[in-house]
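Structure in structure tokens, see below.
Residue numbering begins at 1 within each chain, and the chains themselves are lettered A, B, C, D, E, F and G in the order written.
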Amino acid sequence: MAEEQVTPATETAALVSAGPISQWLTSQGFGHDSLDRDHQGVEVLKVEREFLLPVATALYAYGFNYLRCQGGIDLGPGEDLVSFYYLTKLADNAEQPEEVALKVQVPRHDPRLPTLYWLWKTADWQERETYDLYGIVYEGHPDLKRILMPEDWVGWPMRKDYITPDFYELQDAY
Amino acid sequence: MTLIETRTEPMVINMGPHHPSMHGVLRLIVTLDGENVIDCEPVLGYLHRSMEKIAENRTVVQYLPYVTRWDYLATMFTEAITVNAPEKLADVAVPRRARYIRVIMLELSRIASHLLWLGPFLADVGAQTPFFYIFREREMVYDLFEAATGMRMMHNYFRVGGVAADLPYGWVDKCEDFCTYFLPKVDEYEKLITNNPIFRKRVQGVGTLSREDAINWGMSGPMLRASGVNWDLRRVDHYEVYDDFDWAVQWHTDGDCFARYLVRIGEMRESCKIIQQALKGLPGGPYENLEAKRMGGGPKSEWNTFDYQFTGKKSAPNFKIPKGEHYVRVEAPKGELGIYVLGDDSPFPWRWKIRPPGFINLQVLPQLVRGMKVADIMAILGSIDVIMGEVDR
Amino acid sequence: MCQDGRRKFLAKPTVFVLNGYDYLLVFLLLCSVVPIAAFTLSALLRPRRTGAERRTTYESGMEPQGEAWVQFNIRYYMFALVFVVFDVETVFLYPWAVAFSQLGVLAFIEALIFIAILVIALVYAWRKGALEWS
Amino acid sequence: MALHLQYFLLLAAGLFCIGIYGLVTSRNVVRVLMSVELLLNAVNLNFLAFSNYLDPQEIKGQIFTIFVITVAAAEAAVGLAIVLAIYRNRDTVDMERFSLLKW
Amino acid sequence: MFKFLNQVAAYTQDAVQAAKYIGQGLTVTFDHMRRRPVTIQYPYEKLIPTERFRGRIHFEYDKCIACEVCVRVCPINLPVVDWEYNKELKKKELKHYSIDFGVCIFCGNCVEYCPTNCLSMTEEYELSAYDRHELNYDSTALGRLPKNVVEDPMVQPMRGLAYLPKGVMDPHEVDYTERRAGLRPEEILAQEQAQKPVSTPQ
Amino acid sequence: METGLDLQRTFVQALEGFGLMPGVAQTLWMPLPMVIILVGATLWALVATWLERKVSAAAQQRIGPEYAGPLGVLIPVADVVKLLIKETIRPAKADPWLFSLGPVVVVLPVLLAYLIVPFGQHLVVTDLAVGVFLWVSISSVAPIGLLMAGYGSNNKYSLLGGLRAAAQSISYEVPLALAVLAIAMMSNSLSTVDIVNQQAGYGILGWNVWRQPVGFLIFWIAALAECERLPFDLPEAEEELVAGYQTEYSGVGFMLFYAGSYLNLVLSCLLVAVLYLGGWEAPIPVEVFVTGLGLSVTDPLVEVITAAIGITMTLLKAYLLLFTAILLRWTVPRVRIDQLLDLGWKFLLPVALVNLLVTAALKLSFPQVFGG
Amino acid sequence: MTLANGVQTVAFAILTVMMLGGALGVVLLNNIVYSAFLLGMVFISLSGFYILLNADFVAAAQVLIYVGAVNVLILFAIMLVNKRERFAPVPRAGLRNLVAALVCFGLVALLGVMVMTTAWPISTELPTPGSIYRIGQHFFSDFLLPFELASILLLVALIGAVVLARRDLIPEPEVPNLEPLSLPERPKEDLGSLTAGRP
């Protein structure tokens, strides 16, 4: 299913023609892989977590001042977790501004990656939410704790191998 | 200047979840020094229903009734984004008439949402009366919704490939009536509110967010535009048929609560203008005319072609979301409402990430209220325009 | 003067010359009957239920955090301070105002000086930020 | 029963002595200040009693009382400000610990 | 001194301006006092639900083929379709059908996708009950005809904005039987034909 | 001036006519006007709450109370009954004494101040020499009650609300007192009856509002602030403090606060009417008609009619002001605490001082116009 | 006994009880807040006495200043230093208090005897109503200097009090309490132990 979709993409990364942003990054010497463009033609870059911070900083310097959306993906039970970032160049009277998506795969047993809070403040709650739902730990985040789920919740609800506890199902309906 | 020393014990006070002005079930843990706010921590999740998890277990048809519960005041937008995501991923063509109907509905919904922002915002700074005035107009919008969709709030009207039903007959006329009725009412609100010295004093210079901060904090919608960014997704993304109409992006450079107020008031006017234009340009005209033309034109009439349908092709109950991923967004009244959808060629999406504008906009609240007065918390929170349904999802 | 030898030290009883103040006392008593009556009536009529939950302090539906009896901000005190001064001032000015028509220009000038000095106090408090909140 | 000067004087004496007691025994500075207010009020009562019984025409006692009230208000303002200042430095309102000037 | 006077003048001007704008606001609220209240006094006046209104679901037992599409499109698979396979007829035979309106959100998906139109939405919205289990409607209850607001002599029926005549914004102003805005397609056609008697539909 | 209806004299004389001792007759008379004024005040406050509902409803295109009595006039009665039979909950952590005494201390000064409201030459409970000054001074007791309630509830909202209420109350007392001072200066007396008499004779032209327009505005603003009406209702700002110092109160405690606030509002309106709008004087002096009709002012019937007109006029003026206050409440937003105090200290206080001095100067220059 | 006389006697009795009870409460009660509120009661009862002594203006001023201003000031001050403070016990505190009480009692007795034995030169003139005019005239004739000095006293008091009560904010390098606010009612999760992606 999804593992078919993304994992092979890393192997065939060379086959995907690198977009302008990828080329620029390469020219600046930032290691990354290009994945398939997404359905709207936005470049998707795969970054190792060690290089997330430099690549993100480079993109910030490049002009991507707006972190649109940050979230997590679970590639399936036992598979890696992904943290994705959609970046945009926000400007006045923009016409089709440049966009780019970053994806960072982290192993399920060690889901750690650096926070982007210090680049884009908006990552604050979005990363907290991803942490809350997927258990991806963003190192360096100022206040990483559960945000939507109760503080004492056990488990990461959005992971595909999460087993829904049966205690709340239709609590008082009958 | 020297200040009076204020090293007194801070008072930690809970505002919410059961508080008259918390816009739902938000909880703020506010640390006060007298009347001054030292710190504020929002606590969310009281309305969390795990909408993303639900989405992973529902077909689009099944999921559509849920989405109006995100932002239950701008319901059309949640439906629009929910059908846009699979629709664009599957490259489903949408008839032109359906797009026009969508725009009309979206803009009506924007008016309704802004109205129900205006009332509580004014109530937050202490004026109760506008709350009743806005309900008068909002009820009319909802009457129109009810006639077209069958429900006042939870419409379930948008479909993959169009909308659920054509506009009922007489609807276009009444919608025009509403627009002509509504614009003077906005002037009346402005007369009542805009220049009121107390209101001005309460909101001007309060909760100021600079352009850089607004972008960095990921603000969107009126929050962003009030901070001096001319950024409206209707213009940026050219989605639906907004390019057909003559309208202006509302933006201000002050970045305070008053600028947000002006932006939203302006947007109501613009929305009204868009609706008027869309009603005029509706392909095929109002339902009754179109139907008459169809009846007159016979089965092979040009009025039966694709662009004059209200829906391209009725989606199957088990409509499959094709393999692929993308991030779609619409300009909701509160800001950028986005969906990241990852399909794997099954009726259920593999990942359905919602980017609610309220959630992102709310996180700047502690930043804005620090150092302000207790009363400013309400003004600022009101000006952010959060709906806990979409913040907690 | 001292008619009664036994109680000669109680020379002369008071002569109460102010009229209308007996009304004040009686009215005060009558007024205090109102809340007492309200409380009594309500005590007879109202239901009585017990329970720990209903007797908790309201704090937006959460358990109250910490004491409400905390030290408070000094700004309120500053206003009270300025108020004391101006309250005393009004007390001085009332006799002046009432007797003004018999006092003449000199009194006006004297009161002007009086007020001017207190305006200095106001200006001082203003400048020193005693009337500020931030 | 009619009211006599002596009643008021006795009352004032009582109030004064209660004030003295509070002044001597209180450990809380604010209570000490309140006791001082009691003393001043006892004096005021005396003034007014004398004014009414001994000088009913010129009522200079009333004038004195107003001045005493003024002084008392000023005293309260400054006294409490001093209390606050000391409290800020010593973090206590205990009289026994305000022994800075003792030696 | 002059500067001070200027300040005072500006201050006064501000105060006058403030008073003016507050007065302006007062005129707005004062003006509303002569307008007709927009409230609809609910139990005595009621809005007639629109044609598309999604009220309580009506179910026709005989039409149902127990296909369970309604269950599949329902967000929470709510309808309970109890059927048995009749081997002689080689058909599914419906035994029982029920919807719990305490849980139903009236999204209308079941009605929209029902292949035989045995489900329909009625205009009935007053579903209150003393016990939530009373809201679990079985096939009989689902088959009852809905109550109509217009038929109730205690109620003054009114129509929502969309069904009022053109130009009328207040339902209090017109009788509910008055024609709504817009012509019917046949009428438009008739009008057109009246204008152009020669042209015939192709 | 011994004109006008003097019920007390008539009553006492009548009783003495029955052979009662003067003292006893006086004693019998004493509680009568008091009870009447108390009942009247309560009634006016109830009418004020009803008006509040109706006017706000009208301003918001609603209907408001409709079914409780004709036009819903019985709704205040229903309120009172409801609040009386409601359970009174005292929080476990609250201080029982302060919590219970708070509302009483708030409501007592307000009730007491009705003592000095005149409705006619002799239609006043008692005409005290210190009149308005008494009102100013006893209304300064209210902050104590507010602090009691706020502190006694042991609730953070209550404490904040109580402190705000006290701060607000004291801040607006000085401008209020100074505005009254200017009036007292013009009428050379603090007695409310004297103040009205001083405005009499010229009909609407003689009213103090023309001579004291600034004072009128100051007094009105300060009175609204003292009553905690909407532009200044910070102590119970529901958006911030839920209900301020009233948060923990239910049943009768709440009722006392609620009644107290409306009693205070009615009282303020009555006092504005008395101090600035000529009290019981009609816009055109009644004497003009009386003499025009060839009747004597001392004619008993004329006296009764004059008294009735006087009472009506006073109430009419007061309710006109009340209406303004209500409409204002439903029009404007609430000010912030710092703006409130700024307005009080940095605007009203200097303006009131200047107004006082200008009044004094004018009085020196034009003694005729400004009360000799 | 006339009516007015009766009212006065009753009033005197009530006020005496109020005043002495309140004053004793002020000095004896443990809770300083109660003391402050009782102080207000003492002030009000004193103003009642003033009315009995034909001083209506002073009575109103008493309420206005003492209750409305000074008492509020005291209450604010109490709330400012409102810390539950347990005073360190002082040796022989009971004895001290007893001695003080005895001395005070002696003082009362002494004063009482003095009051009762002195032949007061009581005036036979009747007090005139309208004391406020008289006070006004005094203020601007023989008491003019004190009148003006009073304003200076008030000015000085205000300046002194403002200077004392405020302290100029010295820009200390003190870091404002940076530890994040926490939710006390729920246990916090340990971030370190979450690495293993447990279901």
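Annotations
FYI, a contact is a pair of C-beta atoms (placed from the backbone, for glycine too) under 8 Å apart; a residue touches a chain by one contact, two chains touch by 3 or more.
Everything quoted here is computed from the prediction, not taken from an experiment.
Fewest steps needed to get from chain D to chain F, stepping only to touching chains, is 2. Between chain E and chain F, the least number of touch steps comes to 1. For the pairs F-G and B-E, the larger set of C-beta contacts lies at B-E. Chain centres here are Cα averages; for chain C and chain F they lie 17 Å apart. Centre-to-centre spacing of chain C and chain G amounts to 11 Å, using the average Cα coordinate of each chain. Chain B and chain F have CA centres that are 47 Å apart. Averaged C-alpha coordinates put the centre of chain B at 57 Å from the centre of chain G. Each of residues 3, 5, 8, 52-54, 56-57, 61, 64-65, 68-70, 72-73, 76-77, 79-81, 83, 116, 120, 122, 126-129, 132, 135, 139, 150, 154, 157-158, 161-163, 165-167, 180, 183 in chain G touches at least two other chains.
In chain C, the residues that reach two or more other chains under the touch definition are 9, 11-12, 14-15, 18-19, 21-22, 24, 26, 59-60, 62, 64-65, 68-74, 76-78, 80-85, 87-92, 94, 98-100, 115, 128-130, 132-134. For chain A, the set of residues touching two or more other chains reads 146, 150. Contact residues on chain D toward chain G in their complex (touch as defined above): 1-3, 5-11, 13-22, 24-28, 30-31, 33-35, 37-38, 41, 44-45, 48-49, 51-60, 62-63, 65-67, 69-78, 80-85, 87-88, 92-94, 96-97. Against chain E, in their complex, chain B makes its touches with residues 58-59, 61-66, 129, 133, 136, 139-140, 143-144, 146-151, 154, 156, 164-165, 168-174, 177-178, 181, 188, 191-193, 195-198, 286, 288-289, 291-292, 294-298, 300-301, 317-318. Chain F meets chain E in the complex at residues 55, 57-63, 66, 327-328, 330-332, 347.
Only residues 1-2, 5, 38-40, 42, 44, 65-69, 71-74, 84, 86, 90-97, 101, 120-126, 129, 133, 146-150, 157-158 of chain A touch chain B when the two sit together in their complex. Residues 23, 26-27, 30, 95, 97-98, 101, 128-130, 133-134, 136-138, 140-141, 143-144, 147-148, 151, 163, 166, 170, 173, 177, 190 of chain F touch chain G in their complex.
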